[in-house]
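Sharing a structure below in structure tokens format, with a few things to ask.
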Amino acid sequence: MNGLSEEKSGQELFALISELYPFCRSITGNGVRQTLEVLQKTIPVVRHEVASGTPVFDWVIPQEWNIKAAFIKDPAGRKIIDFDSCNLHVVGYSSPVHQVMEFSELRKHIFTLPDRPEWIPYRTSYFKDSWGFCMSHNQLLSMKDGKYEVLIDSSLTQGHLTYGELLIKGKTSKEVLISTHLCHPSLCNDNLSGIALAWQLARTLSSVPLKYSYRFLFLPATIGSIAWLALNEQSAARIQHGLVLAGVGDSGRSTYKKTRKGDTEIDRAAMYVLRHSGEDFEVMDFIPYGYDERQFCSPGFNLPVGCLMRTPFNQYPEYHTSADNLSFVKPEFLANSFRKCLSLLNVLERNAVYINQNPKCEPQLGRRGIFRAFSERTGGPEQEMALLWILNLSDGTCSLLDIAERSKLPFDLIWEASELLLQHGLLKATAVQ
Amino acid sequence: MNGLSEEKSGQELFALISELYPFCRSITGNGVRQTLEVLQKTIPVVRHEVASGTPVFDWVIPQEWNIKAAFIKDPAGRKIIDFDSCNLHVVGYSSPVHQVMEFSELRKHIFTLPDRPEWIPYRTSYFKDSWGFCMSHNQLLSMKDGKYEVLIDSSLTQGHLTYGELLIKGKTSKEVLISTHLCHPSLCNDNLSGIALAWQLARTLSSVPLKYSYRFLFLPATIGSIAWLALNEQSAARIQHGLVLAGVGDSGRSTYKKTRKGDTEIDRAAMYVLRHSGEDFEVMDFIPYGYDERQFCSPGFNLPVGCLMRTPFNQYPEYHTSADNLSFVKPEFLANSFRKCLSLLNVLERNAVYINQNPKCEPQLGRRGIFRAFSERTGGPEQEMALLWILNLSDGTCSLLDIAERSKLPFDLIWEASELLLQHGLLKATAVQ
Amino acid sequence: MNGLSEEKSGQELFALISELYPFCRSITGNGVRQTLEVLQKTIPVVRHEVASGTPVFDWVIPQEWNIKAAFIKDPAGRKIIDFDSCNLHVVGYSSPVHQVMEFSELRKHIFTLPDRPEWIPYRTSYFKDSWGFCMSHNQLLSMKDGKYEVLIDSSLTQGHLTYGELLIKGKTSKEVLISTHLCHPSLCNDNLSGIALAWQLARTLSSVPLKYSYRFLFLPATIGSIAWLALNEQSAARIQHGLVLAGVGDSGRSTYKKTRKGDTEIDRAAMYVLRHSGEDFEVMDFIPYGYDERQFCSPGFNLPVGCLMRTPFNQYPEYHTSADNLSFVKPEFLANSFRKCLSLLNVLERNAVYINQNPKCEPQLGRRGIFRAFSERTGGPEQEMALLWILNLSDGTCSLLDIAERSKLPFDLIWEASELLLQHGLLKATAVQ
């Protein structure tokens, strides 16, 4: 499960982001379908459609929103805002409008970022009948009184909410969930980076033998995960570990946000990988705010789903603005996130609880050729210690990850030593695995 | 349950202390009755009398001690010590004496504080037949050889131990205990301050709707709490939370001494209030020494009773001396202690465990007008977070105080948000409340 | 259980080490028997013999090794290495050899310490047919090409593994295990120091009344403890606390290595004693490497056996070299280790869980003359506090050691106070003791 070279991996991730960047995604509509079509060229992700009006727990699937064009023409008839040049210009889920109006009236529908006068904000207005434009504050300042022609050629219809799903089967039906949101228009870190990382994981895991089954979800945020959970409660019960991927391409340090339970195997595996990455990192306690872990970790599910990011949502100025563009994410950061994510899954795949088959005193490793027979002046090397730690702690209460943490030896060394002991019949897997 | 203005509250507390200061209290006798009579002018406290000789667990109610007069006359016949001028001059529970004796003999019955030559110590001699005088060390030094006339006109008779009790009924019969000792003569911080604070709480709680019932005890220390516990084991079993009040008027920082269990709701509420007071404070672990929490926290009861003080007993030089007088306690410190105590009770009153009625995924708060529908660029304000935290953690294992602590949001904000969610049917109280 | 004066104790310990120093011990053979014969002059240790070929768990008792002589003669016929002058010169368990060989061939059988050119290393080759010599690196450098006569007059025969055992019976059949290894030739700290300490403990405990029974084991390392455990599983089940003694005579600070469980009574007693020793000390977490605690703490036994050392194995340059000689251990360090060991056993002997017979409120100590009746201005002295702490915490869940730790009072004071309360019928021992 080694994947690609770091450089090649970064290039591929960035290339996918570049291809998906122009589409106008929202929580429903054709932008989501276009995005899934691109993914389907390389991974067998299945498109699901949930009809508008379908009740999903406390919510109802909304009308489908699509948009063909939008502009503002100034009193001289010049197009000063054009949806075709940047899909962030229109507030998401804006209702259709075509009207000539005074600047003072139009002004009420314009959103800007006075503190970042060159950037266009990203705004939405789900579940409410309204419309609006987003633009740079500098552009707003250049607008004068007079009559403006305003067009938003959008539609809100009885349609569907669209999401993508891919199950890669492993040895057991126990599942690892990889979830990422795909409802944002031309924004790169949030969340084309997460989509790309999930896609690369799916490609990598398809070609290797797996212990767990892996379920990938490409969902519109909030309503998408609520819909999936409402329609797939049985699948949800199979989730042993889960990870939400979002904002994984910026230059910040890696951040892991813990599950609601806070001390599950994925929490410990993620913290283990970050601690041993040799790089700076952050671990956040769970809070009921953020991405779709909010729904997976709601008390009625309480699934062990964490979240892997770089700089957390809302903690970088480019967040939800036009500055979250193709310059803001870099191949090297994407590849770095991908490598850590793979290391984390590697720990989950290899982690196990074994039982020492010779629990009374140490077995004679030397006789089996596992141990050097000639006693040494200095203590045994790390591998000897790995063998002794596994034998000592494998009483059915400790996993290999527990042993790695208590012994302070590398997880992969512990795993290799456990394979050696398994081959010699000195360990046995517990029934539960 | 907001009570009075801080200034008015301090004045009232100080006025009561001034009124009670002159009485000669002891563990029995008329001083205690006088004190209760003053309280009965404003709160319906009930006076109880327990006859001398009554067995109370390992103890027996002692004879009642009263004193009319006491003096020492020097060889020239001048009264150099007069009980009327200061009741600390006589060792508490001194047996009667009227005798002329040599200075060398009298000296054995005189107690002073050589390190604090101007102060008179406070001493008692319960359960032992003896008598003595307390005076300033300077006065002792001025005494010369010769014959002194000594009078202690006291009586030890088959009488009663007196205490006061007041039950303010709330919605449930579960009780909060407020206990304070009233056996000290003219000493202000220890413990007229505690008596005054309990009295002010009783006045305040009488006029507001309450969840808990509140039991106020005005007891002689040790023997009083032992007597009450021995005679009221069934009432003791109703105590959910308890607080001993003592030494709450000096200029030191507030100190909370934990219950024997150490992590009960009152411990957590008290620490919460002190941590959020914006002032310096101290939390002491339980020790089996101090005030009547010693009895309430004896292993056979192990009640969740903490103790609120300012400078702990025995840690200020004025403790148990004539310097613990009306100058030593200040209205502002009394009012400050009262405010914190009320905040603590407020947390207990408002704390509750609720169950999220919509535990699978988040409920759609926007649709109910609880949440702003228009999604914002920046994260929700504190109230939104309060709503999300309550919904996420209200699985029956977390109280509002737990949620306040985990979310790091103010308890009152969490409580307000819980009221909003209750109104919308999104929460339900647990059966146990 | 006070033992001897520190000076006398140190002299006796050192004298025993000096007497045992010359013998050539190994995991089997006459050196072990000679060592036990010396001990048998002063303590009734029983010699056990386990026949070669006996299966003991995953191991088999090896052939018995003995050696009469060994030398290397240089091309000029001079004995340059002679076993008689230092038994470290021969690799332990060397098979017999008598041969004339070229230096280049002999060189393959010579072990030195290039970093410590004046010291002779200690090496063994159990369970493998080979032979070798150890010498100083300087001596190796002085050897020239030519033919060398090599003799090792050793024997490997169907014999026995020898170990010593001594049970000192106490009031109960519950046992404290004291184990030490006796398989090293002329090395003082590792482990004549441990043998001497165990011997001194045995002498001391023989003459005092004891709560526990004490089982002393003088075992060849690893195979000896495995053999004992395999042949004495029922005895092993009686072990309540255990201590491996090794490397207790060097100048380093005392080190306690925790049991596998990590929080047993012996762990807490050992840490208590070291913390209160007024000297620097180290506490190591359990690792499955070191001395025979590896076997006692294997998961199939998981006995509460810790290890008392000074500088840990392998952390001093003299370890397993000729420099671990009679100059390396000092009477004062031996006596210091002995004293701490005795203190530790003292805590185990005196520790108990009592039940307060008067759990509701405090008993009236004054009436019984336990407490001074005259109330004091200042807090009670330490003994009063000890009484109050014991009464408060003796609810069946706290041992005297727990109470000492929670009260921060000295364990011996707590014990004395508990004896006083027992005498007055205020405490009762729990049934389990």
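Should a chain be cited, it is by its letter among A, B and C, assigned in written order, with residues numbered from 1 in that chain.
In the analysis below, a contact is a pair of C-beta atoms (placed from the backbone, for glycine too) under 8 Å apart; a residue touches a chain by one contact, two chains touch by 3 or more.
Note that the coordinates shown come from a computational prediction; the quantities given were computed from them, not determined experimentally.
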Fitted rotation between chain A and its twin chain B in degrees, CA, nearest 5: 120
Chain C against chain B, contact positions shared by both copies (same if over half, else different): different
Cα-centroid distance, chain B relative to chain C, in whole angstrom: 55
Numbers and ranges of chain C residues touching at least 2 other chains: none
Contact set on chain B toward chain A in their complex: 356, 358-364, 366-367, 373-375, 377-380, 385, 388-389, 391-395, 407
Chain B - residues contacting chain C, complex: 56-59, 113, 121-128, 130, 222, 225-226, 229-230, 260, 287-289, 294-295, 297-302, 314, 320
